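Both of the next two complexes hold chain A, though its partner changes from chain B to chain C.
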Partner chain A sequence: MKIFKIALGILAAIGGFVDIGDLVFNVAAGAIFGYQLLWVVVVGVVGIIVYSEMCGRVAAVSNKAVFDAVRERVGFRAGLVTLVAAQVVNLMTLAAEVGGVAICLRLLSGLPYRWLILAAIVGLGIVVWVVSFEWIERIFGYGGLCLLVFAVAAVKLHPDWGAVAHGYVPHMDTEDTALYLFFAVGLLGAAMTPYEVYFYSSGGVEEGWKPKDLGLNRANAIIGYSLGGFFSFALMIVGGALFLEQGIQPDFLGSIALGAEVPIGEVGLLLALIGILFAVGGASIDTLFAGAYNLAQFFGWEWGRYRHASGAPRFTLTWMVLLGLALAIVMTGVDPVQLTEYAVIFSVVALPLTYLPILLVANDRAYMGKYVNGRVSNVLGVAYLVVILAVSLTAIPLMIITNVGQG
Partner chain B sequence: MRRAALLAALVAALAACNGGTVDQHALKQDSEAVDSLACEGALLANDVGKGSTTHNFVEVHAGELAQRASNFADALSERPTLPAIEREVRAEARKAGAIAGLLDQVKKYPNRPVAESLRDRLEKRGGCS
Partner chain C sequence: MDVGLAVLDHQLLDREGRRCGNVDDLEIEGGPGETPRVVAILSGPDVWRSRSRWLGALAARIGRGGRVRIPWEEVAEVQSHVRLKRTAAEYGLGRGDDRVRPWIARLPGADR
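And now, the complex of A and B:
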């Protein structure tokens, strides 16, 4: 029974892995560079496993989520800078995800976009208020599994499998180095989205993880994210096999769905749209909670998605305000796909601010006792710190040089 | 003074990327983007012909593609252009306008023969492979 429960949890995690950033960057990278950047997805997936595993372990051993640890480790002022950066990125991501939900609903229904934005916000608010978190996780996680249609589409498009395999070996077969690097940074950012980690570690604290749950934490992180990474592979292969061949720049969410329609037909289209709807809807809820968690943990408020609104009023008010702000942003008419590109790049810039404190805490024997980082965790943790710092410093210059990937 | 110069250079660089004078590089980029819209429209028209898509999807997505092509047509016909390439730029504007018109027809989910004809014309306009 326990194994069955774990399997269900992992299935939900796989379905919940993909968000709008993964959709946009993986397909666009495939459309421009074919399969050349598949290796970056592997680096990103291992990175999010390392980061999440450390956060989950810190949560299980010390009962502290990310922003508890950040404030304790770096102090109020530096912590506040980190909080502001994290919240700005989080809000951009939330707005992009909500816009993505509205676009998907529009592609399915043909109804006016602005009404659907409103419907998406009201719908998400009702779901968060009424539905138990366990069911939210299941509904959106399993719904997101419809994205498996992209794996079928990838196979049916008959890509050059030799070239696909070569994509897992780092190489650069282009003269546009800056654009290649921009997409490498974007793919890393899309895979290592910070809100997933805030959400994951806060969930660990709420579910009362103890050191005995560390095996489960590790299994969740490794299996869930690794299998979720296959969605990214499939999306990039579709981008390479269909759009690169045809000289198409997939600038719309509809273009991504077309990637399943062309090889599979109407069923492929509907599964893709439903998968995107659930994946992006689930990510909206994760992002919403992540924003509320961060603020509540930093200022020491009561927090928790399992708690009634009256038990954590400021936490509840925070997610409501965030939802309202996201509504205001999307209603301006900003393109959610473009907003996603900015959100992913800025999330990469802010990533070291939360990664470093977690690495320090996970290495602190006074905090972690015998569960302190081992040799493998440390080597990986430090290696990723170097990667994250390099990517963080180059992200904005690359964004300007490439005109946000437009070349 | 130096900061102001740097800022001015940055603004100039950004303007060159986003709606300043159309030069050879901008023309090439816009031309590729317009061709991309045509080729994507051709894929969509092909699926309309086969009946392997939905009305709502076609109406919305072809509408988005048509709107983007129309924006290119407007921008390329109005933006200041280097004199040496002005004729090419205006021709590209006319092409974008024609593609927008074809995409507007795809949007209406036409019958099979019309959809196939639209596919062929979009493929030809976009130089699709």
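And now, the complex of A and C:
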């Protein structure tokens, strides 16, 4: 039973990790820089593990989710600024994921895009309303495993494994420093997207985690996000082995799926599209709830996805409104891939405000008792905060210099 | 222990464990030379105006105002949340959720 529980948690963590941001940035980074930036994915994955574990531990010991901690630690005024920033970024991400769902549906069915946007929104609304959360996690988790096809594709493309291995050692083999740094920032942002910790910590509170569940929390974070990182590696290797070789810039989600079709054939394409569909569909639901969690926690409303909808009315209303706003944004015809790039870069700017309060609460003995951060968590936590801070200060300038990665 | 700092911005829970707002501000008494003590908890959108001028006022307007004063004697327990002795309705807390509930409850399956 315990193994089963761990497996479910891991599945959820994989589902929460791989989203449209990872798909876009990993493949594009591979297509431009080959395997050079693989090491950045490792840095990002360790970062999300460190902070998710911390958030999960805070949730289990003190029953506080991220935005409870934000408000308590930085106060109402700075907390409100953080909330607004987080909600804007989260809505952009949600819209990008929904757009991704619609694109996958179009590639699978051939029907007109705008109708499929509507279908995606209605479909997501119905799934969230009707299907229990346990099953949502299973369906999207297992569906997302179809992305394994990219690992097969990566092997079948016969990359230069020596060059791949060299990619795990930080190095820069290009003239264009700004573009290299832009992609490094984007990959970090895609790996450490804040909605992952909002969702993860709130889930921990909802499932009533206690200190006895800390082992489960650690296993979920470490194994789940490592596997998520494994998918990222595969995507970047496909990008390097296929798109860089052919000189193709994968500007569409469809071209990412081609990465599986070229080496494997039609089955590869189908599996890739289904995998992407479930990964971005699951991420849509995670971001949708993350937005509702944040607002409810900051203002002290009743919240919870396991509650009856009428048991948490404003929480329910919030996710419905967010779904409507996402519909309006995607319907303008904005390109989901471009929207993703902006969402990831802006999310990097908001990262320090999210992670600092967590680090502070995790160090507070009054709440955490003997479960306060140990030395490893603190050294890593502080190191990552410094990295995040540096990255958040350079993200926007790099975005402008490189014209959002267009060079 | 400095109770004020330990409860400001914390979650309020009523007797039944319902989340019913936050500790948005505190009423503190004590003249010069005396030890200040917390006499009441203030909660509700109107309190936000004093916490953050622009965004707070905007949020207060969206939240349609309202402020509730809860005497400190009504606090049952301070842990990671602040638990009150009676139900939210008795204090007039959680009214926003109460206002929205009938609309949500009308949808089929809302009480599943």
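As a convention for this text, the second predicted complex is superposed on the first by the 402 of 407 C-alpha atoms of A that agree within 3 Å, B and C clash if a C-alpha of one lies under 4 Å from a C-alpha of the other, contacts with A are read in each partner's own complex, and residues count from 1 in each chain.
By definition in this document, a residue touches a chain if its C-beta (ideal position, glycine included) is under 8 Å from a C-beta of that chain, and two chains touch if they have at least 3 such contacts.
Worth saying up front: this structure is predicted, and the values here are computed from it rather than measured.
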Partner chain in contact with A:107 - chain B first, chain C second, else both or neither: first
First, second, both or neither for A:390, with chain B first and chain C second: neither
Chain B versus chain C as contact partner of A:308, first or second or both or neither: second
First (chain B), second (chain C), both or neither touched by A:406: first
Contacts of A:62 with chain B and chain C, given as first, second, both or neither: second
Which of chain B and chain C A:379 touches, first, second, both or neither: neither
First (chain B), second (chain C), both or neither touched by A:328: neither
Touch list for chain A against partner chain B, complex: 106-110, 245-252, 254-255, 257-258, 261-262, 265-266, 269-270, 273, 400, 403, 406-407
Chain C to chain A touching residues, read off their complex: 6, 8-12, 18-22, 24, 43, 48, 51-52, 55-56, 59, 63, 80-81, 94, 96-98, 100-101, 103-105, 107, 109-112
Chain C-facing residues of chain A, complex: 62-64, 68, 71-72, 75-77, 79-81, 84, 129-130, 296-297, 299-303, 308-310, 312-314, 316-317, 366-367
Complex interface listing, chain B residues touching chain A: 10, 13-14, 17-18, 29, 32-33, 35-36, 39-40, 43-44, 46-47, 50-57, 59-61, 64-65, 68, 126-129
